[in-house]
Structure formats: C-alpha cells, structure tokens
C-alpha cells in the first residue's frame, strides 16, 4: 500500500538518543507542582490522564516498537484493575502492594497470550486481540464468576487515608496524594521504557518490527522476543488498570469494553506511534476530547469526535510527537 | 541538433533531503546512454525524477514535451517506460498478466498482441513460464519480465535501473545482448543506470559519472573507458 | 436431529448475511490492500437513504438502484476527499480515520433518522421454504452468489479489475505502466460502498433498521473474510456460512455459554482455525522471495 518512495517524518525513537535532561527536569517540576494549583476535580483528571498515558505506553511498546497489532488491550487494563480490586476486596491486601501485583499478573497473561498468537500477523493478530478484548468484559459479567468479580455490579474498594504526616504539614488532599503517587510511578515506568528501548533488547524488538527475517538471521529469537514484548506491554497496561481501580475506587465490566481498546489505540496514534513521551499527549487527548465533544452536542457527540479525529490526523499524520519532530527540523533549517 | 531527452538543472529531494544538485545531460535518438556511479550517488533518483516518482525541479524535455510538471501516468503515455530497481513485477500475477498490464495505457489490441509475441521472441523463457506467478520466477527471469513489461508500452525511451543487480554473470551477459538487439531492432533509446561499469560501457555509446548528486565526468564510452580516474575507481584496473 | 438441522439452516441463513458483508470487505481489501472498518456504518447509512426514499414514495427497485449509485459516488468521494491528502501518512493513522468515519456515520444516522427501530421491506415474497428457511434468506443467498460472480468476473476478466489489483499490490509499478493509482483507489472505494449498500439492504429486513445494526454483523463479516482467506471472494462467502453455522451451533449446544458468551466462543473458534491455517481456509499462501 505504501509506495517505496516514502518520505514521511516518523516519530520513531533513534537508538542511542540521550535523555533531554532540560526538558525532562522542566516537565518534572511543572508536573509535581501542578496539583497544588488545580481544583480537586482537575487534579483527579490529571491523574487519569497519567494513568491512560501508562496504558498507552504499554500499547506503544507492542505496536510502535515491536510492530504487533493489538485491538484488545482493554483486556489487560481490565485484568490489572480486577486483580487489584479483588485482592483489596476479598483478601484485604494493602492497596499499594496490589499495583505491582496487578502488573505481574498481566505480564504472565500477556506472555501466555503472546505465545500462540505468534503465528498470526497483522490483521489476523488484530482479530485475535479483538477476540480477547471483547471476551474479557463478557467473562467478567458472567454469572459463573460473580462471587469473585461482583458480576455486572462490579466491586467497590476504598483507598486508605493520606498519611497523617502529609496532611498535617502540607494539607495534602486525597486527590493530590494519589496524583503524586501516579506521577512518580509514571516517571518510573517511562524511565524503564526508555532504557528498554535503548538497550540491546530494544534494538532486537525494533529489528523484529522492521524486518523479521533479517532479525532472525541475526540470531534474534523472534518468537521469544515477541511473546516477551506482549508480556511487558500487558504489564504496563495492567499497572495502569490497577491504578485506575484504586483511584476510581470502583471496577465494573462496562468500564472495560472494546471501546476502551479503541480509545487506547487512538491515544497511541494521536500521541505518536513509537514515541514514549507522546503517550502523555495521547492520554490527554482521549480523556478530554470525548468529553469536549459531548459538551458541544450530546446527540452528535460521536460525530463531532469523529470529525476532530480526522482533523487531528490531517494536522499531525504522525501524531503529536511527529509534529513536534517536524517543527524541530524546520526550526533547525532556519538557523 | 535536438536531443531525444534533454535534462537541465535537475534537482530532486526525498522530503527534506536533497539528493540531486542540478544535473545536465542529454540522450540522442536511438542511442544508449549510461549513468554510472557508486551506491548513493543518486542514479536511481535520476530515473525516478524523469518518471515523476520523486519531487523534482528543473527541466526535463522529451522530444520537446516538458515532463517536469506531469504525473507518472502521463509521462508513461508520452512513451517513457521505466524498469525499476528490484524489477517491480506484480508478484501475485502471472507473467503474462504482467505483460498485459504493461500495455495498459494502449488501446490498439492487434498491435498489443503483436508486441507480446515480439517480447516472447526476445525472451523465450517467459513464454514457457507465461502462466507462472511472477513471484516464483528466478531473478534473471523476473528481470526479463520487467523489461518485457516495459517494452509492451512501445516506448520511445526505456529507463533501466540496475538491470544486472543480483544476477549471475552469464545471465547478465545474455540480458545485455538482448538489450543491444532491442536497441537496434526496435530503435528504442535507452537510459541505463548501472553499477557494473564495464558491462554498461559495452552497451552504451555515451556515459555520465555521478557522484553524490553531481555529474563529474561525461563523454563517449570510449573516452570514459580510457579515463584514468574511472578506470581506477570503477573498472578496477 | 431435527434441532440440529434447524440450527444448521438458521446458521446458514445468518451466514448469508455474514457472507454478503464479507464480500464487501474482501472487495475493499483487493482494492486498497487493507480493511475499511467504516464499511459497516457506510452500509447502514446507505440503507437509511434507501429507507428514506421508500418512505418518500419511491418504488422499492428505484430506491434500491438509486441507493447503489449514490453509495458508489459517496465511496468514491470519501476516498478522493478524505484519504487522498493522507496517502503519505502511516497505516495506523489511516485506521484512526476509519474509526472517525465510523463515529461520524453512526452518530449522524442516529441524529437524522432517530434511534427507533424501523422495518425495512424485502423485495422477496413472504413465507418460507418448506418451513425451514425464509424466502428472504433464500433470496439473499442468491443475491450474494450473484454478487460473488460479478466480482469474480470483474477482477479476472476486465482490464480495470486487473489494474485495480495491480494498483493495490504495487502502486509504484502500477504508476509505471500508466495506471492512475489514485483513481483506482477511488473506484475500489466506490465499488465497495456499492456492495456494502446491497448487503445493508439485504440484511435490514431481517435484523431491522437502526444505527447500530451493522456493528455486530461487521465483526462477523470480518471474521468470515479472514477465516475464508482475504484474497479469495469465494472463501469469504464460504467463511460467512461457516461463521454463521459455528455461531449458531455453539450457542445451542455448548450449555455453559448461553447468549452472553456466544460472541466470545465464536471468536475463539475462529482464532483456533487461524492458528492452524494462518492464511484462512481458502487463502493462497503467497510465496515471497527474500
């Protein structure tokens, strides 16, 4: 479909790139200080944006860096969320511990799913992941598992109080506390992803994406890497799910439908496939734009969302990160 | 004397990267001209610029028709047939369907049938494999198919992009002998891009040497063969 | 045994729906080398246009053919207006545009014609064939076969059909033989939209007309096309019937499921087929030399 004379500016990360410390520090400072200037609800939304960003980064690792297509990542989000919720609700686990646990369960699930899915490429894999994405909410709703999952009703869980020390000295609210927790986790996850991509493993992943046959002939065990990538990708999205369960204090099957998979996919593309930091813009986009469209007209909200989507692709065909790269190059040319 | 192909100040870019920096060259009616150069010199880009496959600036005139503003499909209809790098056959289709497609822009059914016979005469192996999927042909056969497809256009100018690439020497020799015949018998002018300088200079009467987007030497094949720099760098003696 | 036969026939009847849609899916795939997710919504929208014409007093067949023409032009226009400026964009961005189109068509249809379920007339007489299968289903089966034949002939025997396949398979080379690749894409879209319209108008009498009518079916249509082998129109049709039968038998005979998990089971079975035959049941294994 693509001609062989392709000239688009891609937002693919160049291996060996150094972390742009100035920008990152600026980002950390602004991000850390933000919750103290925003109203409670906006802080909550900021937290959700970061959670989505982590989930989108998970999908991006799979698709942008390893070239495997997934229309079912809502499944891993759901598994992470329900793992956390079930552990808190039924086993009284401390909330903080359930976060990495949700991630690990998803890693295993993703790896196991990745193994048989290896044989499938492109559209066939899309169909298989779609099957996954569609079946998970149906399984969650099923009456057989109601005792565990709460069935259609779902489960309510509650967060522990903000540590007293912080409330007394900083007047930290629940929203702000969890914003900061998610912020730190997000930075950590992004840092891991950066290191992963810039390592031998990352290069192998990208080699498999760009030319699987050549990759194999260089000794890369493509099958292993592809399954591992699935696992890691699921891990990220699972952590995001666990965080979401905790922050929203509620899980129900209808929050994890196929539509969520589509939203994550949109977030990835709009942020910039193959860009790590683009995921943040993607998260921002999928949280705010649907709400915005709803505000303009409830009846036509989907249509407006669709129009915005198409316009955004016009303006930034390679996503937000792609646009920034393009502008950077233009600016460089002027000087 | 007017040339068949006249190129002046040709520039070409892939996105932000400029690859050709103002080329001037000509091709005479009925002649074979070759463009030599190392990898990355811009040879393929030159042919693509003539065919309208890359963004280009400058002047490209074919028999007084200006090609720079035309689309690829229109350039084809002016009689320019391009045998691309890597053959570019339609791998899922049969060899014969590939040839039929070569004549897509023509309407004269009888002449098309005639031309197909002529192509089969030049490349008998294609006639044998006419119903085979093009993707299963050997490298040499695929190259012949690509040339055959280009001939089905009844072109006045044939652009050949590294026809010897990846082929065994015996096959290449056979192919080039056929190209010589085609040039003589069909009076098809050829612009040949090649890395295999010795072979190209045997077939061509004129040559240009391209280095990173600029023409550095030009002349008759004879003079190029005798040129010290070219001999050392490209002919190995 | 009676139940089995009954369910088989119901499966075949449903399968006819999926087969029809699968055909449109394969058509677009042959033309543009990837799937168009907006296919179902476009078909739904076309069906509404037909409905509106009939409600406005036009006879069925006039509305039917007018809708086909309108859909053809619409598909062509969408390609030229929306996708032409994006032809250099990465594939994944195209998919986001498809998603956008789905949202636009679905929402607009609901806004113009409301979300109430409407009945849509069938051109075939009422009644059933021996009490086993409705006459409309039989009619639909034959319409699908006819479409299949037409598409097959188009791709195999016409110059334009061959050019379209060439443009989809290798746009650069296609340009070099004089094919106007852009217009081939547009033509492919137009034809796919027209086929989708036929599918929609055949399906609506059974599932009733409402903006979400195609969503579930499109999924099965895709699955059918993939199971059958995306390079094979015949495979798509066979796939459609297979999917219809599987879905129905699974729902009936595997008790743990019930209707909640019917979709899941069907998909799992389809994916299992793919694990053994990654190119679909009738798909050609394409030999690529490295």
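As written, the chains take the letters A, B and C, and residue 1 is the first residue of each chain.
The definition used in the following text is that a contact is a pair of C-beta atoms (placed from the backbone, for glycine too) under 8 Å apart; a residue touches a chain by one contact, two chains touch by 3 or more.
Keep in mind it's a predicted model, so treat the numbers as computed, not measured.
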| item | value |
| --- | --- |
| Longest centre-to-centre distance from subunit A, chain (CA-based) | B |
| Top chain pair, ranked by how many C-beta pairs fall in contact | A-C |
| Whole-Å separation of chain centres (CA-atom averages), subunit A against subunit C | 32 |
| Subunit B and subunit C, separation of their C-alpha mean positions in angstrom | 43 |
| CA centroid of subunit A to CA centroid of subunit B, Å | 49 |
| Residue numbers of subunit C (touch at least two other chains) | 172 |
| Touching two or more other chains - residues of subunit B | 53 |
| Residues within subunit A bordering two or more other chains | 3, 5, 7-8 |
| Residue ranges of subunit A touching subunit C (in the complex, touch as defined) | 1-8, 10, 63, 116, 119-121, 123-124, 127-128, 130-131, 134-135, 138-139, 141-142, 144, 213, 262, 265-266, 268-270, 273, 299-310, 313-314, 317-319 |
| Contact set on subunit B toward subunit C in their complex | 51, 53, 71-73, 76-77, 81-82, 84, 88-93, 97, 100-105, 133, 135-136, 149-150, 153 |
| Footprint of subunit A on subunit C - complex, ascending | 32-35, 82, 85-86, 88-93, 95-97, 99-104, 106-108, 110-111, 168, 171-172, 219, 222-223, 226, 230, 256, 260-261, 263-264, 267-268, 270-271, 274-275, 278, 290 |
| Parts of subunit C lying in touch with subunit B, wherever the complex brings them together | 159, 162-163, 165-166, 169-170, 172-181, 231, 284, 286-289 |
